[in-house]
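Here chain A shows up in two complexes: once beside chain B, once beside chain C.
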Partner chain A sequence: MMITGVKVTLILLAATTVTSLVLGTVIAIMRISRIKILRVLGTLYVEIFRNIPGLFWILFFYFVFPDLLPWGLGVKLNSYLYYPIVAGILGLTVDNASYVSDILRSGRLAIPHGQREAAISTGLSRVQQYLHVLLPQMFRITLPPLGTRMVHNFKNTSLCMAIAAPELTWATQNIESLTFRGIEATTIATLFYIFLAGIMVSMIILLEKWWKIDVSSISHSKA
Partner chain B sequence: MDLLEQFSNIKFYLLGSYPQGEIGGLLLNIILALLTICLSFWFGVLLGYSRLSCRLYIKLPCMAYIEIVRATPLIMIIFWVYFFLPYIAGTNITVFWSAVASLCIYAAAYQAEIVRAGIIAVPKGQLEAALSTGMSRYRAMRHVILPQAFRIMVPSFLSFFVSLFKDTSTVFIIGVIELTQAGIIISQREPNKMYAAYVCMGIGFWIVSFSISQLARRLEKRIGIFDLESYRPDACRDEFMLLPKKKIAGEETPPDISCRSADSR
Partner chain C sequence: MIKFIGANKSFNNRLVLKNINLEIAKGEVIVICGPSGAGKSTLLRTINKLEPIDDGEIIVDGMYLSDPKTDLTALRAEIGMVFQHFNLYPHKTAIKNITLAPRKVRGLSRKEATERAEKLLEKVGLLHRRDAYPVQLSGGEQQRVAIARSLAMEPKIMLFDEPTSALDPELINEVLDVMVSLAKEGMTMVVVTHEIGFAQKVADRVVFMDNGEILEIGAPPDIFVNPRHPRTKEFMSSVFHIPVFNVNQEEDQDF
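Let's turn to the complex of A and B:
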């Protein structure tokens, strides 16, 4: 039971990290785009999702979201065995993506203007500018806050127990109610969380050593 | 239409079953957040300050506490306090106080980090100047360093308060009837109109935390960082760690005032 819990926690972690990075990037680009509607939509997204707790979104996607879907999709979803996990992934993703987009946006603002101009002058298209010049720098500049956010996200996966996704915290509660060996199970789970958070932090520190760039090292000359 | 019907429940959302029973709903979230931040602030200052201490037997436990709590999910802390604290300590505490206690444990670690960052950000010259005017180390901290450090900390404190307010929703798991739990109770009364209850719940959270964050934004502009010239966190970070300095060959190290004065007091 514990091992299933660990597995599900890891699945949640991996899935939400990837999806929230993607969604966060999209929204960050929306928020800094020239088109006003996209900007407004992006800002609206961040303001709405950042000011409501992640737990609410997890509950929302589990209980309410299937009802709102048309064509009986919701019934199918509700009968899907792994829907708690899916709902957890969705809830954590929308919550985390708003933070990620905020961090990435501040990273974009930290990139000097000259980089963009240089990209334009070498003849890159807008998509190419983002793919080859701006996005890599955005990620590298914002690596420390992004890392913190991801560790936070990892801890938030424990909230999925509220919708009975069989992850680690839920497993400990289950063990507690089945065998009354709550203290042992919770100790092990806590140690696991600390251990994994430690691994994540050290991975992020390693990444920072390899990848991090100092903003001041990019030239600030204005063309 | 379903949303309008929810207006009949507005008292339950905001106050819980207050006049008849315990306070609940959104008010409880606010109370929990305020109480937690008031209580844990002192622990946070203590922990953050001790983490900068030059004595290892003070520094290491504080570091361990901060790192362990920061690496543990809030839900785990809540379980520890709620289920196992009575078991170990042999006393019973009410649900509300165990929620406050676990939130305090959680918040103290984060506040300690904020306090530490704030103290580090105060230039070292300030402490030296204070000590050289003959202040004791405690008074230097109390009257010179901490007032400046708090000013630097204000923005991070406010954003932490917003996130703490949102984290108070987690305590629903032990059955505190705050806004999340109230919303769930109402939504289960009419399972076919669930979304209305959830929308109300979301609006409740959103209004409060949005207004706090807007307030924070205004306050930040007003207080700001007191003096940009002296605000050089990187320049003074190494010196302020209060650890014995590395000796550079052929160069006399200046006497380490920060540690010595603490001993003499």
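Let's turn to the complex of A and C:
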């Protein structure tokens, strides 16, 4: 049960890290777009998903979301064995993406104006400006808060116990109630969380070193 | 090559460009000078439409900037621009800074773009720094890489927006040398600068601006030595630290 818990937690972590980064990037770009409707939609997204607890969204995707779908599809989802995991991924993603997008947006605001002007004046299209000039710098500038957010998201996977997704915290609780060996189970879970968060943090630190290019000093660098 | 017809522009109800009429021929080197806030940089930035004008027209290489059908991205690829603060991409090495646009905009292969970039780096004397990141370069080196980055697009026009203003005095000449050689190769250049020496050496014409207006256009000696407009006289005398002798004033002026 513990092993399954670890596996499910890892699946939740891997899936939501990727999906929330992608969704968060899209929302961030919407929010800094020059098209007003995109900006409004992006802001609306952040305000809705950031201001309502992540746990709510996990419950929402598990209990409410299938009922909103056409009847047949909803029933199929409800009877799908792994739906708790899917609902967990959805809930965590929409929650985490709202933070990611705001962090990335702050990164965009920190890039000096001249960077885009340089890109424009060499004839790069808007998409190319983002792909090659802006986004790489946004991720570099925001790496520290972004990394912290991702660790936070990792810990949030434990919220999925509320919908009985068999992740680590759920497994710990289950072992406790079935065998009364709560202390052992909790100890193992604790060590695992610390271990995995430790790995994440070291990866982020490595990435920071790897990217050790002082982005902020670009345009006002010493002559 | 570049033609301004009655161009006007305002920021917050303040006119920053007033009825600009100017024609720049192919191969000409134009230096724009004048006090800060005169609209020099704004004028320069309207040429590749980093700043749009409110009314009037600008024609660059036969293309009308106000025409919505004008492909601005394609036009900008033909106009190199060098900035006061270099604006190199900090996350890319010198060589990658140069190859980005030729590869993405011109569709050059990595090999072709790298060869072209190496040639340009050699030209600006920085081939040995090809793999350095911008923070590892001095200001003068960064600016020379920035010039190489613009040249890699093989532009028809080069715009320089105070390219040496952010540099230590000792590093200014290495950048100016590159610009002088570029001018001698026949590049069409518009340069906003306070480097009078540079202007005297290579400028075909000097444009003096103040308060959003072009007050005087002429050959470098005409503007620097024998300016006609009183405002130009005043500016030049303060630039060259020559006291203004004003008949209406009795006492000597401090300077």
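Here are a few things to note about the model shown:
Everything below uses one rule, namely that the second predicted complex is superposed on the first by the 215 of 223 C-alpha atoms of A that agree within 3 Å, B and C clash if a C-alpha of one lies under 4 Å from a C-alpha of the other, contacts with A are read in each partner's own complex, and residues count from 1 in each chain.
Heads up, the rule we're going with is that a residue touches a chain if its C-beta (ideal position, glycine included) is under 8 Å from a C-beta of that chain, and two chains touch if they have at least 3 such contacts.
All values reported here derive from a predicted model rather than from experimental measurement.
By the touch criterion defined above, A:Ala189 lies against chain B but remains apart from chain C after alignment on the C-alpha atoms of chain A.
Legend: residue contacts after superposition of the two complexes on their common chain; A:Met161 is shown touching chain B, with no touch to chain C.
When the two complexes are overlaid on their common chain A, residue A:Gly198 makes contact with chain B while staying clear of chain C. Once the two complexes are laid over each other on the shared chain, residue contacts for A:Glu117 go to chain C alone; chain B is not touched.
In the superposition on chain A, A:Leu68 makes contact with chain B only, while chain C stays out of contact range. In the superposed model, A:Gln128 lies in contact with chain C only, and not with chain B.
By the touch criterion defined above, A:Pro53 reaches chain B but does not reach chain C.
Shared-chain residue A:Trp211: touches chain C; no touch with chain B.
Of the two partner chains placed around the shared chain by superposition, chain C is the only one that A:Arg140 touches, whereas chain B remains out of contact. Contacts from chain B toward chain A in the complex involve residues 68, 70-76, 79-80, 83-84, 87, 162, 166-167, 169-170, 172-173, 180, 184, 187, 192, 194-195, 198, 201-202, 205-206, 209-210, 213. Residues 48, 50, 73-74, 76-81, 83, 85-91, 100-101, 104-105, 133-135, 138-140, 142, 146, 149-150, 153, 159, 166-168, 171 of chain C are the ones that touch chain A when the two sit in their complex. By the touch criterion given at the top, residues 112, 114-115, 117-125, 128, 132-133, 136-137, 140, 211, 213-215, 217-223 of chain A touch chain C in their complex.
In the complex of the two chains, the chain A residues touching chain B come out as 47-48, 51-56, 59-60, 63-64, 67-68, 151, 155-159, 161-162, 169, 172-173, 176, 182-183, 186, 189-190, 193-194, 197-198, 201.
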